[in-house]
Amino acid sequence: MGWQWFHRLGSPRWFYEKTNAWIPWLALLSVALLLIGAIWGLGFAPADSKQGNSYRIIYIHVPASFLALAGYYIMAISGAVGLIWKMKLADMVMKSAAPIGAVLTFIALVTGAIWGKPTWGTWWIWDARITSMLLLFFLYLGVIALQEAFQHQATANKASAILALVGTVNIPIIYKSVDWWYTLHQPATLKFTGESPIDSSMLYPLLTMIIGFYVFFALVLLMRTRTEILQCERKTRWVKALAGGQAS
Amino acid sequence: MGLAMTESLIELKSLRCERDERVLFERLDLTVQAGDLIQVEGPNGCGKTTLLRLLTTTSADFDGDIFWRGKLLNGGNGATRLDYLNQLLYVGHLAGVKKALTARENLNWFCGINQGHQRCSIESALEEVGLFGFEDVPCHHLSAGQLRRVALARLFLTPARVWILDEPFTAIDKQGVANLESLMLEHASGGGCVIFTTHQDVKIDRIRKIDLHRYKGLAAA
Amino acid sequence: MNVYEPSQNRNNQDSTIQAQSLNTPGVWSGFWATFKRDGLIAVRHRGEMANPIMFFLMVITMVPLGISPEKAVLAMLAPGMIWVVALLATLLSLDGLFRSDFEDGSLEQLLMSPQPLYFQVLAKVSVHWLVTGLPLTIMAPLLGVMLSLPSAGFAPLLASLLLGTACLSLIGSIGAALTVALRKGGLLLSLIIMPLYTPVLIFGASAVNSAVEGFPIGGQLAVLGAFLAVSIILAPLAAAGALRISVNG
């Protein structure tokens, strides 16, 4: 029955036990993809005609930015599911996704700065993408701060879910506004993704890294959610048995 | 009277409420009929305020069903909910009175956001609670007891049928308590119902007491 | 008759409890009841209305002191600075939007009334704008003069601030609703709302800047108008949901 599956999906215990087997596979897959992509991109892909070797940072920067944005949507969607269907598991996923996404946004910002130095000579530049990424970082921080501020966990989850949803509606608006703002002020500059279509010898390692990042995100999200489950359900019998079994 | 007196106003079926991983109460069945005076009892922290919150539809965090006059209240039915809220009056710990305004202005607002029908004028309502002459005094000049009485004046103004009162006897003197008790009795006799909590001894015979502690569940499995 | 005793002649009216099925007054009369009440409170606390304006004035004074009093520099900074400071002044005033109602129980009563929360929130935000955003807008040309804003910028400043401050009040009400139950909600409120303010700031400041440079600004004003329309529809919904959560927690 459809609803039965849905309800079982919402049970933290069922989720915890089901995903026990997934962790090693996900870990293996993500490490493999990341290693392959990194070595290929950083070592073997050809140098760029305009930027030389310094462009290679995009193999980290671009996947990180994709995931930063995707992470926010994952956080908002699970928050919405938790809010509407009152599913505890969805709330835990939202709570776990927030810091991961924030860290990824931070990585994107830092790698963007690292890219900026050899390209334009400055560590920071107010261009459309970096500025949008910075605002996304603030949105993440807002959700995390709101989570931490409430004493009652259920209220914290509901409030963060609403904030995440409001942020989701605003993200396209913010990105478009910043884009437009940048066109008013910029001289002719290099865009991060370049005007010329990216060559396939650079594209494939990039795709590998992107997929690797996605898998890695899934892995870390899973691990954090499982920890969150143990934390929230610590008073129940099955968690106590788990902890007791391991201690003995 | 007759049929109207035995009409079932509110029905709770298998109500279960959890807060912070603790089960506050479960398998709570209750039928509130016209003319009922129900006192919800129990030690502090056992969920009395939570139950009142469920009854005022402020919170929707529960399992089970609540019926208003036979129709399901929880769930998407907006018309039933609207009908219920039209017939509901809540007086809680907080007075709901703005200190910058006078008693009259506060009660005007109250009538404006509720049914707008009044059973008597604002002046007579204030007179009933002993605030005759204080209608146009800004509420920051009033004492805590007087503020409480402004809140209680709503009981005279509202045509609502269901009264939910959380600790209504706080901060009023013995005479006020006696008057409130007879008011509650009168309301119930007229076909309404009162659900309340209190720490004080209430001198009304026909109260039904619900001990919430009896419905307390075991720790979650 | 002892004023304390319940009146005897009310018994005749008790039949009305059973008989009628009560209808709510329309949503607009509920709107006006709350609008009037909040307006009355604002008038009684007249002194507080001056606070955002004083903040505006004082911070703008710091600009020449901290940066440079040269006309050319000030003229370049003026549109953006006025907009930023207006935004900050609005942010500071938002914390009190729902807080006093939360603390004295009026919010609870609102949730239990048959009135839809959407219109009640709209009423409160309207009064907030009339008491904060509108005075800031009216004050802005004076500050434009102090910052050597070129004459082409004055009308666009008024127009953009008029539309923009309304958006800011609406969007800000969401943050106010989310943080009303927190004791030190004020700073957190600013943190969560600021990213959401950036589109309004971008288009508002750009309207004034473009006008000063001689370009038509119909586009920017249209976008601000669109923001306002969307905010009027969506922001009170989000704020109402957040209020229910805050009161419940």
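Letters A, B and C mark the chains in the order given here, with residues in each chain numbered from 1 onward.
Rule of thumb we're sticking to: a contact is a pair of C-beta atoms (placed from the backbone, for glycine too) under 8 Å apart; a residue touches a chain by one contact, two chains touch by 3 or more.
This structure is a prediction, so every number in the text was calculated from the model and none was measured.
**Q** Taking the mean of all protein CA atoms as the centre, name the chain whose own CA mean is closest to it.
**A** Taking the mean of C-alpha atoms per chain, the most central one is C.
**Q** More C-beta pairs touching across which pair, A-B or B-C?
**A** B-C
**Q** Indicate the whole-number Å distance between the mean C-alpha point of chain B and the mean C-alpha point of chain C.
**A** Distance between chain centres, rounded to whole Å: 33 Å.
**Q** Can you check how far apart chain A and chain B are, centre to centre, with Cα atoms defining each centre and the answer in Å?
**A** Here chain A and chain B have centroids separated by 47 Å.
**Q** Please list all residues of chain B that touch 2 or more other chains.
**A** Where chain B meets two or more other chains at a single residue, that happens at 61.
**Q** Tell me, which residues of chain A touch at least two other chains?
**A** Answer for chain A, listing residues that touch two or more other chains: 152, 154.
**Q** Listing for chain C: what residues touch at least two other chains?
**A** Residues 248 of chain C each touch two or more of the other chains.
**Q** With touch defined as at the start, can you tell me which chain A residues reach chain C in the complex?
**A** It is residues 135-136, 138-139, 141-143, 145-146, 149-150, 152, 154-155, 158-159, 162-163, 165-167, 169-170, 173-174, 176-178, 180-181, 184 of chain A that touch chain C.
**Q** If we count contacts the way the header does, which residues on chain B are in touch with chain C in the complex?
**A** It is residues 4, 34, 53, 56-59, 61, 82-83, 85-88, 90, 92-101, 105, 108-117, 119-120, 124, 127-128, 130, 132, 138, 156, 159, 161, 175-176, 179, 182-183, 186-187, 189-192 of chain B that touch chain C.
**Q** Report the residues of chain C in contact with chain A in the complex, numbered from low to high.
**A** Its residues touching chain A are 174, 178-179, 181-182, 185, 188, 191-192, 194-196, 198-199, 202-203, 206, 234, 238, 241-242, 245-246, 248-249.
**Q** Going by the contact rule at the top, pick out the chain B residues touching chain A in the complex.
**A** Within the complex, chain B contacts chain A at residues 19-21, 61, 219-221.
**Q** Note which residues of chain A are touching chain B in the complex, please.
**A** Contacts found on chain A: 86, 152-154, 232-233, 235-237.
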